[in-house]
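You will see chain A twice below: alongside chain B first, and alongside chain C after that.
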Partner chain A sequence: MTGKYEKVAYYPGCALEGTGHAYNRSTKAVGEALGLEVVELKNWNCCGAMEVKNVDPKLQTYLSARNLSIAQDMGFDTVMAPCNGCYHNLKKAEYDLARDADSKEVNARLSSKAGHRTYEAGKVETIHALDWIKHSIGEEGIRERVRNSLSGLKVANYYGCMYTRPRHIFPEKDKGPGSESTAKPHFMDDILEAAGAENVEYPLKTACCGGAHALSDSDTSTKLVLNLLTTAEACGADVIATECPTCHTGLEMHQVRAEKVLGRKTKVKILYFTQLLGMALGLSPRKVGVHENFSDSRDLIREKGLA
Partner chain B sequence: MTTAHASLAIDDVIGRTDAVLAAPETALSRDADALAEELLGAAEAVLMRWLIAHGQVPTDGAIEGFPLLALHRQGARGDPSFNACRETCREIVYHRNLIRLEAAEPERARRVRLAAMVVRHLALFVGGKLETAGLGEFCCSSRPLRQSEYSETRTV
Partner chain C sequence: MPIHEKSLIRPENLIEHEKLVIDGIDVSGHWSTFIESRALTDYNENLQDEIEALGGGEHISRCWQCGSCTNACTVNAINPDFNPRYWIYLIRLGMESELVRDKDIIWQCVSCNKCTYACPRDVNPEGVMKATAHWLELKGHTEKKPSMVFDEAFSHQVFETGKIEEGLVLRQFLARTGQPLAQPWIVALITGLLRRFPIFYLIRLGLAAVFRPRTRSWGKARAAINDYVAEREAANRQALRLDAKGADR
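So, the complex of A and B:
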């Protein structure tokens, strides 16, 4: 263990209290199993998700900045956000507050009005759950802790489009060996391979899932998801590993819808990477919230000896 | 364009990728080089559809030697949400290059199939954006959804 991210502030965000609850549960369980501590932000607010920027991007910046200021007040210099949308928004706020005078002014004005500290860029680092595990435990640390190897499990690692985009808000990425790649992200691949999984080559790991229009334009989302699913199957995957609650829920919902509306049944399972890692660390499927998923992967889990 | 596919509609591209995916391995291996170029051309046709639909003249330039990447950059100018398919375009180029470099037959067929799947995703993504153009932008990082609709409501 490097100790770098041994204890971090935790920003679950709204999705992890709703449809992504299994991700919340499994992230906390994995942290505990790995000896990492997360402390949830007190009185956190929504980051603005995908909606507030459509009303006013600077308001969105403020909403994320407020969460960062809470982390600072709690004495943390790192906040971990497992949700791609939250992670993206906090990183974007950090970027804008360091460069855009208007964003700084709006943030200062709204913070003053709300009666809390004005967050200043550079005080708190935002990391993803993948960064958290990769940099604090690393592959070697995971190998040492695996009690129930994922050996024999073929995994397509799906990152979605928000984890690496836009590139300029992730200055720590694309820095060569050891850093994450925006073109071909690999942290999830590295972590699950260390847990024994066989990663398949998956050419759509950063492709759009149609997440924002999962309900408003269901047909397009279903077609996009069906292509993600059939491609994963064609690549030989038993399971698609996810690290974004929006992508995960979209894949699950539209897998069902593709069968109902388009008559296309796919068998590939969908699990959060934290669920797979948790089971590899010896946690029960229930402990990592497999029963909370829409996608029923219990047969696969039993078949692979993970239950 | 790499090949003469400028007239392909989005549905044609999807149909063609489906045909490639259904083709026998021997045929894919045998025709891999030609299929790699055809799929790259089909991807270019998809982006040209997007540009033309937005009243633009598709560039005849190239980035890193590939018109597809130049067309993508043109499509994303002033429309950051279009960057959601940036890596998809680069993946298409990557697979085209691997097909051209690969000598082993089963691997060539597998690569062609992967390339077809990625081209199909690009076609579905851009097709979806075009379909919803009347409603607003499509993707997560988009500008205001249904902006015109919202403005009309406010005016009323």
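So, the complex of A and C:
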């Protein structure tokens, strides 16, 4: 499985330059430790996140397609996006541009007015950071490189919504052995298990954290997050591994909010899967940005001997 | 009973006599319960067309009412009144007044896409929820809900600069919805971070608020986007038969 995706275009997205900086930092550090090269898209723009589609869905398709056209200009046929929102939107744009004449027309019109290449479906493949590591290094490759096993660490793997839903925009998934599943995703489980972690059976892998309304309907988000946190604890997890900056920040924010507003305190820690993998590969907590997380995992990291 | 007829058994549509004797038979209390007869005259025959015209609502007519959307729904699990299947049914029948009763919860769809994943007819119920929330605001049935305030503040930044700065979105949203920035849980988040002293991170976040992240040479894209937004707004208003100020024509 090695060789695939050794050098890919990298689309960090807005969140990874802000509250999700630890994810940006740890993704790059892990890539470097694994000998994978990422080249950031030049002059990228926001993919539209979860907001622009509510103003107009085709505008979101254009914003995402502009980034794909940049990858094409730079000579890449693969773009890797660690953020679930970005990954989802780029996939959605790819899907709509291949099938929907109106989306195609709007994208062509806006691209030519904006003075850049019109992205055409089928030219660039979008992958998630999970696909990138799973397909280029694989479990065997990770096992060989682990210097500080995560053994004894109980992990609940949390994938959120945008990584698997809706299934039709991820045509490479649900293809049986070796492929990712949209009903029961497992790439993060596979990667962290190879790094020595003990994955707990977590039934809410793809439940929603309410991230789209984390601020605008915070009571709903707090309820959803509290459910995720208490279930993880009931499953025996020390830490929830995340792969989306919106989920990650949502869990951190509403863990604090649940304590302050509802008086419900939870102890489970929240770390990006790249932070856990990075520490297993021998990188320091600082190098993977543990100090940049809103939640404090330092005690757990010390206790498990990962520092 | 078709699901929309649950409106008939709301308390205000039930008649019951505490003391009633008919033909010598005592039918007091529950024995005299009647559902008041009701004639519906307020159908909006254009309702489905109006939702279809708004972004996300395009495929509502495909729905065959299997209920997979409601069954899968994240928000329904918290609030049973949040019922996408029911609203799609009302829209397809044109029962505007029944739909408007739920104006204060339709916006709460969290876009988790479970409905769109489950839908066997590719209706895109998530898109229908957003189109319906948008429709309620455009028609003046409700004020702008917090999520639309957030979406607009966010989108405006993207259209202007190509990127967003999260701190600015947060501050603008709280200001526009009249909430203080210094809420206990926000303060706890920041002080928790400060205690670990990631000073460079905080300086960088602070700098981002001053030197806002932006995509270079964005001017032409901004103009193209703004033209398109204006075009869509005009098309939406026309589809809903609204004049420029928002009243019915």
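Here is the rule we go by: the second predicted complex is superposed on the first by the 306 of 307 C-alpha atoms of A that agree within 3 Å, B and C clash if a C-alpha of one lies under 4 Å from a C-alpha of the other, contacts with A are read in each partner's own complex, and residues count from 1 in each chain.
Basically, contacts are C-beta pairs under 8 Å (C-beta built on N, C-alpha and C of every residue); 3 or more make two chains touch, one makes a residue touch a chain.
Everything quoted here is computed from the prediction, not taken from an experiment.
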item	value
Chain C versus chain B on the shared chain A, clash or fit after superposition	clash
First, second, both or neither for A:Asn45, with chain B first and chain C second	second
Which of chain B and chain C A:Met162 touches, first, second, both or neither	both
First (chain B), second (chain C), both or neither touched by A:Asp296	second
Chain B versus chain C as contact partner of A:Leu204, first or second or both or neither	first
Touched partner set for A:Thr220, first chain B, second chain C, both or neither	both
First, second, both or neither for A:Gln72, with chain B first and chain C second	neither
Broader residue contact with chain A after superposition on the shared chain, chain B or chain C	C
Touching partner for A:Gly85 - first (chain B), second (chain C), both, neither	first
Which of chain B and chain C A:Thr231 touches, first, second, both or neither	first
First (chain B), second (chain C), both or neither touched by A:Thr118	neither
Common interface residues of chain A - those touching chain B in one complex and chain C in the other	50, 54-55, 161-162, 164-166, 182, 207-208, 210-213, 216-217, 220-221, 223-224
Residues on chain C engaged by chain A in the complex (per definition of touch)	55-56, 74-75, 78, 108, 110-114, 116-117, 122, 127, 130, 134, 145-152, 154-155, 158, 162-167, 170, 173-174, 177, 184-185, 188-189, 192-193, 195-198, 201, 204-205, 208, 213, 215-218, 220-221, 223-225, 227-229, 232
Interfacial residue positions of chain A with respect to chain C in the complex	14-15, 17-19, 21, 43-46, 48-59, 62-63, 66, 106, 109-110, 113-116, 161-162, 164-168, 182, 207-208, 210-213, 215-217, 220-221, 223-224, 252-253, 256-257, 259-261, 291-292, 294-296, 298
Chain A residues within the chain B interface of the complex	50, 54-55, 85, 161-162, 164-166, 182-183, 201, 203-204, 206-208, 210-213, 216-217, 220-221, 223-224, 227-228, 230-231, 234-235, 246
Contact set on chain B toward chain A in their complex	21, 80, 83-88, 90-91, 95, 113-115, 117-118, 120-121, 124-125, 127-128, 131-132, 135, 138-145, 147
